[in-house]
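Take a look at the structures listed below.
Next come two complexes, and both contain chain A; in the first it sits with chain B, in the second with chain C.
Then we have the complex of A and B:
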C-alpha cells in the first residue's frame, strides 16, 4: 500500500495540535500508550518484518533502555533526554555485539537465541546485585524515578519518537538498504550471490531496531516512574509487538502503525465494557484476522486495490 | 483507506463515552482499577469481592449517611491485567473521564505503585488493602494509604512465634520468589530471625517462573533447618508444599508470607496443608468489631453466606480501607459529587483517623502505612486456619513440630 506521502505527516501534525483541545488526561495517556506501541511494533517490524528474522527477544532492549535511563536519572543525576539517548545508544551497541552472533542463525534457532538473550538480560538485572554484592539494579525491588512532568510532556515525547521511527522505516523502505533487507527475506543465499553483504545488513538493521526500542524503553521508565525487571523484561511485551505487527501486516511501513493503533483502541473500548470477556473477544478478533487476513489489515487494503 | 479512517474515527468516538451511565440519583461513584486477569488475577478478584461486599452492606442500609441523608454507592471496576502501565492508565481514566468521586486501591505492589502516582497527581486518596511493599511508603506521597503494614513487618508473627515453640527452633532456611513483595517478605524473615537469634542456614531468592521446585527444596533439605520460611504468593506456596512432599522433607515448621490464608490453598492441598503456618493481618477470632459489620466472627460468617467462602485477610483489609474512607466522608459531611478541594480535606482527615474497625485498628502514619497492625500467625489445623500467635489472640496452641510426611495418613 502506498498512501500519498503527505497523509501521515498531516496526521502527526494534527496529533501534535491535539493538546490544544484541553481534553481529559486520560486521552493523553491512551494516545501516549498508542504511540509507544506504534513505535515498538514499527521498530520490531523493521528487523523481523523486513528480513523475516523473527526476533523473540526485542523486549530485552526495551528493558535495557528502561534500566539505562532509570539508573542514569536516579543514580547519576543525569537529565532525561541525555539519559534516554544514552539508553538508546547502549541498546544499539549491545545489539551490534549480540547480532554478530545471533544473526548467523536462521529460522527457529534465531528465535530461540533471541528469546534466551532477553531472559538472560532479565536475570542479569535480577541477580547481579546479590551475586556481586553491590547496589546497582536493586534486583526485584526495582527502581523509582523522580516524578516531574505531566501528560503533555510524555504525549509529545512519545509522539515525536514514534513519528521519527515510522519515518525511518519509511525512508529505509524506499532505500537500497530496504531492498537488501527484503531480498534477504525472499532468498538470502541469492541475495548474498547478488553482492549484498547480508550479514552486515542484518546486524545493522538489528542494531537500529534495538536502539529505537531502547529509546522507547527509556521514555517508558520515566513515564511510569517505577520499573522492575519482571515487568520491563516481560516476554508479553515482545508478543504484543509481534501481534500488532502481524495484525497490521509485517514488512510494510504502515501495517504496524495500524495494528498497534487498532489493537490498543479495541482493548480500550472493549475492555471498559466487558469486564470478564474482553480478552476472549480480543482473542477472537486476532484469530479472525490471522486466519482470514494472513497479510494483515494492510494486506486487505492492497487486495481491494488490485480488484478494482 | 477511507474506510479505515472512518472506522478509526468511529472507534475513537466510542471511546469518548464514559463506561458508566450518568446517575440520576445523587450517588457516590467509586472507581477501582484491579487485576482480574494475569498473574494476580485470582488475588484481584478477591479484592473485588471485598469491595462489592462493602458496597452491598452499605447500600442495604441506604448508602453513606451524610447529614442525615443517605447516598448509595456505585462501584466501577476496570481490569488492569496485572500490568503497571494499564493500572496507571485506568486510574487516569477513573479520575478524568469517569470523574468518580472516590478511588479504591487495587492489588499488587507493582500495579499500585504506578496507579498511586496518578491518584497523587489528581489528589484522590487511594487506600489499598492489597499492596504493602516498603518502597510504596518511601515516596513522600500524601494521598496513598495502606491498611496493611509494610511488607517486611507483615511476617513478624511468623518468626516471633519461635518464642512459644517447644523445643525452640535454632536454625531457619529462607526462600522467596524474586518479585518485589515476596523478596521483601524474605528480607523481613531475615531481619526478625536475626532479632530472635535464629540462625539462617540457607537463603535464596528464586525466579517467579521457576519450574523445578524440587531441586530448590532438595538444597534446603540438605541444610536440614528446623524451620522453613517462604516469601510467597499463593502459587509459590502451593508449589513449595508439593515439592516438599516429593523430596520428602518435613521442616518442623513451614511458614509462608502469603498464600495459605487464601481458601484455595487448603482446598487444593487437602490434608497436606496441615501444620502450615502463615502470616496474617486479620483472623476471624480476633476481638475486632465496628457498627457497620459487627464482630470479626459475624463478618466471617456473613461473607461465607454471600460468596460461599471465608474472607482472606487482604479482603478484610480492603473492606477496612473502604470503611475508613466512608467514615471520613461522613465526618466531613461531604455530599456527592466530590470536588478536588473536598478530596484534599478528605486526605487530611484520613491522616487524622484513629479508629477501630472489624479489620482492627486503623491509624495511618505520615507515610501512609497502617501503624496499628498486630503480628498475627495462623496455622492449618484439622483442615482450617487457627490463630496461634500472638498469645492474646490464640485460638489454639501451635502444633509443633510438624509430623513427617511418612507418618501422616
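Then we have the complex of A and C:
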C-alpha cells in the first residue's frame, strides 16, 4: 500500500483543525486515545515489524515512561515537557542496556526475555517500597499527578507525538537503516555477511522504539493524572500493540496506523462496557489474522494490486 | 537454620510441580519448536476440572487426576489438529501469536463461565502435615511432589522406550526424514501436544489441592514454565526436573528472606541472566534456535 505521500500530512492537518468544531470532551478523549495507540503500535512495529524480533515486553517502557514522568512531576516539581522528555530518554537508555543482551537472543527466547523484563519491572515498582522500606513508587497505591490541562491540550500533544512517530517510521522505511532492518528480518546471517552491523542496528532501533513508547507513557500519566503499576504495566497493552500492528500489517508504515485506529474504535465500543468480551473477541481476531490474513489488511490490498 | 531448611523443603516440593507442568511445555517446544503461550490455561483448566469434580461430586482431587489428564489432553489434541498444525510451518512469529490468541480466548472464556472469584479445594488433609523434627512437611504438597517426580520419569520412559516415543523423537530431530520413513508428522504433532497437555492438565489438578484457582491464573504459570525450561534447557525433558527444583528453591528462599511479591522479580532477573549467559540451560543440553 503506497498512498501518495501528502495524504497523511493532510489527514493530520485536518485532525489539527478538528477542535475548532467545539465538540464535547468525549470526542477529544476518544481521538486522543486513538492517537496514543497509533503511536504505540507504530513504535512497536518499528522494531518488531521491521526486524521480525517480536517484543512481548514493550509495555515495560510504557510503564517506565509513565512512572518517570509521574515521579518527576509529583515529587520533583518538574514541568510537563521536560519530565516527558526525560522519561523518553530514560526508557531509551534502559533499552540500550537491555537490548545489548536481549538482542543477541533469537525468536522465542527474545520474546520471553522481553516479557520477563516487563514483568520484572512491574514487580519492582510494585514491591520495592514494601521490601526496602522506602517511599518512592508507592507500590499498588499508585501515584497522583498535578491536575492537568483541559482535553484539547492532550489532543494536540498526542496528535503531534503520534504524527512525529509515524513520520519517523516513514523516513526510516525509505532510508538505508530501514533496509538494513528489513534485511535482518529476511535473513540475518546474510545481512551480517553483506556488511550490516546487525547487532548495532537492532539495539539502536530497539532503543528508539522504547524511547518513543516511553514518551507516550509520560503523556499518558499526565493525561490520566493517576497511575498504578497494575494498570500501566499491564500486559494487555503489549497485546494490543501486537494485534493492532498485525491487523494492519507489520513491517509497513501505515498498517499499524490503520490497525490501531480500527481496534481503538472497537475497544471504545465494546471494551468500555465488556472488557472480557473484548479480550475474547481480540483472541478470535488474532486467530483469524494468523490463519487468513498473515500479512494484515495492507498485505491484502497490495496483493490485490499485484493481481490487477 | 530451621527456617532455612523449612524454606528449602518448601522450595523442593514446589519445584516438583514446576517440573511436571514445565516438562509438557518443554516437550511441545522440543518437538514442534512452538512456544505455547496458552500453557498456563491448560493448567487452569486442569485445576478447574479437579475443583468442579470435588465441589459437585465430592471426589478427591487426587482421584480425579486421570479425568483432568484425559480432558485436557483431548483438548490439546483438538487444538493442535484444527489450529496449530496450520501454522506449525509458518514463521515462528505467526505461531507465537497464534498461541497467544488461544490464550486470550481460553482465559476470557473461563472468566465468562466461572467469574473471576478465587476458589480453593478444601479437603480433610488441607493444611495438615507431618513433622520431621522441627520441620513440617505438608501432606498435599508431599504427595504432589511424589506424583510429579513419577510422572516426569514416566514421560522420559515413554519417549525413550515406546514406539510412539520414538516417532515423536524422530519427528523432532528431522521432520523430512521422519516423513520419508513413513511417519505421519502432523499426527505425531497432535499426539505430542496431547501428551504435553495431558501432563499439564494433571499438574493443574495437583495444584488445586493447595493453591487458589481462578480463570486468569494462567499467564504467570506460562512464564514460570518458560523460566524452568530455559534453566534446564529447552526441549530436554530431564532438564525440566532440575530447572523446576532449582527455581522452586530460589523462589522459596526469596519469599522467606525478602518478600513473596519480589520472588517473581527474582525469577525474571534469573531467567534474564541465564538466557544471556547459558542459553542452552545450566546442563548445556537444550535446543537453541
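The rule is short, and it goes like this: the second predicted complex is superposed on the first by the 286 of 308 C-alpha atoms of A that agree within 3 Å, B and C clash if a C-alpha of one lies under 4 Å from a C-alpha of the other, contacts with A are read in each partner's own complex, and residues count from 1 in each chain.
Convention: a contact is a pair of C-beta atoms (placed from the backbone, for glycine too) under 8 Å apart; a residue touches a chain by one contact, two chains touch by 3 or more.
Small disclaimer: the values here were computed from a predicted structure and weren't measured.
Of the two partner chains placed by superposition, chain B and chain C are both touched by A:279. Of the two partner chains, chain B and chain C are each touched by A:130. Looking at the shared chain after the overlay, A:117 reaches chain C, while chain B stays out of its contact range.
Contacts of A:266 after superposition: chain B is touched, whereas chain C is not reached.
After overlaying the two complexes on the shared chain, residue contacts for A:287 are found with chain C alone; chain B is out of touch. Touch criterion met: A:301 reaches chain B, while chain C stays clear of it. Contact with chain C, but none with chain B, is seen for A:106 once the two complexes are overlaid on the shared chain. Shared contact residues of chain A, touching chain B in one structure and chain C in the other: 123, 126, 130, 276, 279. Per the touch definition, chain A reaches chain C in the complex via residues 52, 54, 101-102, 104-109, 111-113, 115-117, 119-120, 123-124, 126-128, 130-131, 235, 239, 242, 246, 276-277, 279-280, 282-287, 289-291, 294.
Partner chain B is touched in their complex by these residues of chain A: 1, 3, 7, 24-27, 29-30, 33, 123, 126, 130, 139-142, 144, 147, 150, 220, 223-226, 228, 230-231, 258, 261-262, 265-266, 268-269, 271-273, 275-276, 278-279, 297, 301. The residues of chain B lying in touch with chain A in their complex are 1, 4, 8, 11-12, 14-15, 19, 36-37, 77-79, 83-85, 88-89, 92-93, 95-97, 110, 113-114, 117, 121-122, 135, 138-139, 178-180, 183-184, 205, 207-208. The touching residues of chain C, counted against chain A in their complex, run 29, 35, 83, 86-87, 90-94, 96-98, 100-105, 107-109, 111-112, 219, 223, 226-227, 230, 258-259, 261-262, 264-265, 267-269, 271-272, 275-276, 279, 288-289.
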